[in-house]
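In this document, chain identifiers A, B and C correspond to the written order of the chains, with residue numbering beginning at 1 in each.
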Amino acid sequence: MKADLLIEKNEKSLRELLFNSSDFKFSDFGTGNRSYRLFYLETMIESAKVQDHIIRPLLTNMKGSVREAVSILDYSETDLLLDASKALVEGKTVVQINGEAKFYLLGTELIKERSVNIPMNERALRGSHEALNENINTNLNMMRKLIETPDLVVKFFQLGRRSKTKVAILYLNSLANEVVVAEFERRIANIDIDYVEAPGFIQELIEKKKFTLFPKALVTERTDRINSYLMDGKIAIMTDGSPDCLIVPVSFWAFFQSPDDYQIGWLIGSAIRLLRILAFILAFSLPGIYVALVTFDPRIVPFEIALTLQSSMQFIALPPVLEAILMLLILEILREATVRLPSPIAQTIGVVGGIVIGTVVVQANLISNMMVIVVALTGIASFNIPSYEMSSVARLLTYPFIVMASIFGLIGLEISFLLLLTHLSRLDTMGIPYFYSWFTADTIKDTLFRFPIRSLKKRPFESMAKETTRLKNPRG
Amino acid sequence: MRKAMLLLLLLPLLTGCWDRLELRKLNLVDVAGFDLNEENGEKEIYYIVSKLKSTGQGSGDVISQVTKLKGASLVESVGQGQYTDQAPFLGVTTGTYLLSESFASHDPISALDFLLKTPYSSINVPVVIFEGDMAKFLDTVPKANTEFTTNLYDFNKALERNHILSNISMMNLILSKEEPFTDIAVPVMKQSEMGVELGGALLFRQGLSTETKLSKEQVQMMVLMQGTGAGNQRYTGNMPEKGKKQLTTDKNKQNNYAFSVKNEHSKIKFTSKSNKLQKVKVNVKLKINVFDLGKSFHQNKPDYINHMEKELSNHLKNLAVTTLETMQKANCDILGIGKELKAHHPDIWKSLDWRKDYPRMKIEPTFDVQIINSDVE
Amino acid sequence: MIHLKKISINQLICLVILTQVGVSVLEIPYAESRRSGYDSWMSILVGGLFAQIAIIVIYQLGKRYPEQSLQQYIFSIIGKPLGSLVNLLFALYCAQSSLIVVISYANVLNRWVLFQTPFYVLVGISVVVAAYIASSTLRSISTITQSILSMFLISAVIILISGMGKGDWRHFMPIGTHGIGAIIKDAVPAFWAYAGYELLLYVFPFVKCNKKKDIFIAMSIANGLTTLFYLLIAIIVTYNFSESQLNTITEPMVYILRKFRWPVVQSLDILFMTLWLSITTVTVYVYLFLSARYFAFIGRKEIRKHPLLVWIIGILCFTVGIWFSDRQSIFKFSAYHNKATMIMVAIVPTIFLLISYVRDKVARK
């Protein structure tokens, strides 16, 4: 609909378009032959800007056009009411000269955001402590500061019919694989949804339909990690309103890497990396191993340990399988509760949950000592993994393993391992394999171990980068 | 993925879970004793089952219970175990097998060889022969001494570790019947207060007991001649006076000796003429750490050490000769002379009929002792 | 979409080693010592040599048609109808191989680890797992196989540790007295133990390499490592048991594994047999995969539905396999299969190679 010459008519139409929102305001000023009316949402504009850069120059410069008078960067003109209403909602000020059927849209947005803080959920001992925040422009500013090269490409998309969320894709043009980039852009552009709540929505919508537990994109809020992944040739997807950034395409091993591996020396870094992978395997298989040993194959256990196990289980009524599943469920309940606790109560509930339940349940002869040890170790081992999504997967995988172990014993565990391995090997992100073996000379350098920097000559396989060498002569 | 999981889940849901062996319902057999009842020819099995009671805070008491099972053969007796109220017994945790002497002298291996093919059986644990009345022993001792089973197990391990006498596992015992030239010496224990002590070794020839026992000194000699004597073990004894053959009973004039072997090397040499065996020589070279050697050891006289080395070598040789005589009379080739001959001199081997010729063979041991920790030059 | 079709040399080596090593690890060297006694280790070496010769033949055959696998170039060697027949025979042979590995190992498990589980459940599980894996692409299969190599290494370490200990080197002596004839005759039952390299007939065009000669070196290395492994087992067994003792024990490795006692774990034979299940599963799924690929080329066009074929063959194997719960029938089946292996793996490719040479010469004239 076109603008009208009369200010009052426009005001009525705009108010209708905004459904009579109470923060829609207007202000008139002008002298003699020219009067201006400013339309704005009072909650969205930065009043200082409007006063200094719009009202004052217009008041002093009566003769010229709005463009010559106003000193605002973001300037555009329109004569459609719909565009004006969209601009109002974005925080722009709409100026109309009485008698002209033209709107001038001037950018005066007020930005309120949380300051750049330390990462809440991804702590590392060594490394920068800068995290993304909810405003996408601040985030892009931080990323561009880290990678000050024209090679870094930023592309914007607007998703969501009603929410109009801004989504940005970042990649390094000389490194990222063009086929992969084109495919991701196509998929994002094809998303047709009402509103995007979290980057998790985007993650699910751009993946294929294959059913899998494993996360196919890495979520991070640290800028140094995004930096290193971009340098590997991967693609980062940021969403406005959320401090989480998605990294694609990612492999299974990327979930076990953490920035402080590279800061500490390579020997200790390798040991810790190995420990993490061991913790992952323990996290899903330890209760299964215990159940298999105690129910099926006590022959493997030497005599002294068998005596100890037997005595700890003597007066317990439940069979070991049910004990295991029950204790794991209690652990999950505790974990979920601690996430939602308000801070004053957190300590007390920690004591109640952990110590009281753990001790009293053993004294009441419901659960054996060994089971509490096993389950506690499982829980803690699963939190060793740097990525929260992966540790949830590990905890969830425990249940089918326990069930298989209680039906077939150690053979059942073996078969479950094989099936898990197969499932991992069949996953792929658009043809790029998700899981590759650590046994080749190139891949073992950054998966199980962390070899010295001078030997990490090639970029990881899954980024399919255009140029794979990253070191020529590191020591000169 | 979905198809595989569905199919896998279907299989067990159709029936039940088989092969369950719940640990808390098992009775773990600690020591298994086999006895032969001379009167009615029945084989008796004694299971000593151990449990831990009143555990907590890192402590616990071991309680042992003895169950007696009878049957016409060993396998039947084991089968009887299913009908007692203590079943099931798990044999795989057995730490020691105790055979009574009467059981051992009546072809034990054909009664025992079902153990090789049975599931849940423990075949790599030491076998020990018990000298005395096993029934009475097992009735009284485990109840009175709760540490008995652990002590027995540790004792056997210590025998092996200190190279006093190497363990014979059940598998070795059963398989020795198949190999015609494997002869073994099984440790013999006898009761001593609330436990057992080593009484020697019983010689087995090709799976049958020879009824001949070696005494403790002879066991020491056998170990030295086999070449495995180096270690912590102390060899002690009494040497006769110079020039005399018999040991003097006068306490003041006794020549005591005590040493431990640091290094030893034993080699079997054959001298033959025109493909016929004449003599077998067992050369043992010992390097020993001596703690006590004769009356004047601590007086540090210069030539004393060389002189005593020769005395000691002579004495050891005499002991070895008597040991070899016992072995030859029992027709038991523990030292593996036959195997050595077969491996290195196949022609001579072919000209002999080993079982007939062994008792008559001339075997000469020689000892060459070298004392390496002497204080004197 | 990115399509990765080729496998690397490393993956080829892993595939061949793990396909070659199968159930027979528990029985070596019983079958090879019937006539050669304590010289069975030499029979094993000779068996490895036979396998190497067969590899040379297959490599030469593959080199003549470097861009196609056997199913495709067979038509240009002996023509359409005979070619389809040969593909069918190979498919049946591969299905039979996987079947015999499944039932042999299910039988071993039934006797030593899971006693009361019904036979059909064990066979069913093995077939389901193998069919699920075999229905993936060649690249996924090689990734899985590379990861299983670590389990193989752990098993090898377990064997080494339990094998050392009390034994007697004199069991080997005097060396070589059994005679060359006996040694070579006893290498024949080992032929099936080494079979596994015939996957090169299919895989040849899919290997990423700079020179074709690299493939030959890789296959030889794989065969050499397998020979070394079997040799190690034969040596350990002969070290521990003498010849006459070996006559009574058909599965000597199990007793050797039981010897070892740690404070933390005893009865290593159960642990070993559980780990070894994955290695035998490798053999099963590789053969299942090959069988489905051969089936796909029987008709005029290539049948594209690979997972469907795999599952059909798997179900067929299951229905045949449940009749074999009796150990005697397994022995008879193995003896027959050994002969079939010799024909299909050694004689048939040689015939093809010769025909191919002759055709070339005729064409040049």
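As a working rule, a residue touches a chain if its C-beta (ideal position, glycine included) is under 8 Å from a C-beta of that chain, and two chains touch if they have at least 3 such contacts.
It should be emphasised that the depicted structure is a prediction, and the values quoted were computed from it without experimental measurement.
Here the largest set of C-beta contact pairs joins the chains A-C.
The chain with its C-alpha centre at the largest distance from the centre of chain C is A.
Distance from each chain's C-alpha mean to the overall C-alpha mean is smallest for C.
Taking the mean of the C-alpha atoms as each chain's centre, chain A and chain C sit 46 Å apart. Put simply, the C-alpha centre of chain A and that of chain B have 67 angstrom between them. Taking each chain's centre as the average of its CA atoms, chain B and chain C sit 43 Å apart.
Shown for chain A are the residues in touch with two or more other chains, namely 297, 299, 301-302, 408-409, 415, 419, 426. Counting only residues that touch two or more partner chains, chain B has 1, 4, 8, 12, 19, 92. The multi-chain contact residues of chain C, meaning those touching 2 or more other chains, are 114, 117, 125, 129, 132, 261, 267. On chain B, the positions that touch chain A within their shared complex are 1-2, 4-5, 8, 12, 17, 19-24, 26, 28, 30, 50-53, 55, 60, 62, 90, 92-93, 95, 120.
Residue ranges on chain A touching chain C, taken from their complex, read 177, 179-180, 183, 297, 299-302, 304-305, 408-411, 413-415, 417-419, 421-422, 425-426, 430-433, 435-441, 464. The touching residues of chain C, when paired with chain B in their complex, are 111-112, 114-118, 121, 124-125, 128-129, 131-132, 166, 168, 170, 173-174, 177, 241-242, 244-245, 247-249, 255, 258-259, 261, 267, 311. Note for the complex: chain A touches chain B at residues 211-212, 293-299, 301-303, 306-314, 316, 319-320, 406-409, 415, 419, 423, 426. For chain B in complex with chain C, the residues that touch the partner chain are 1, 3-4, 7-8, 11-12, 15, 18-19, 92, 116, 119, 123-124, 166, 169, 171, 175, 178-180, 182, 336, 339-340, 342-344, 346.
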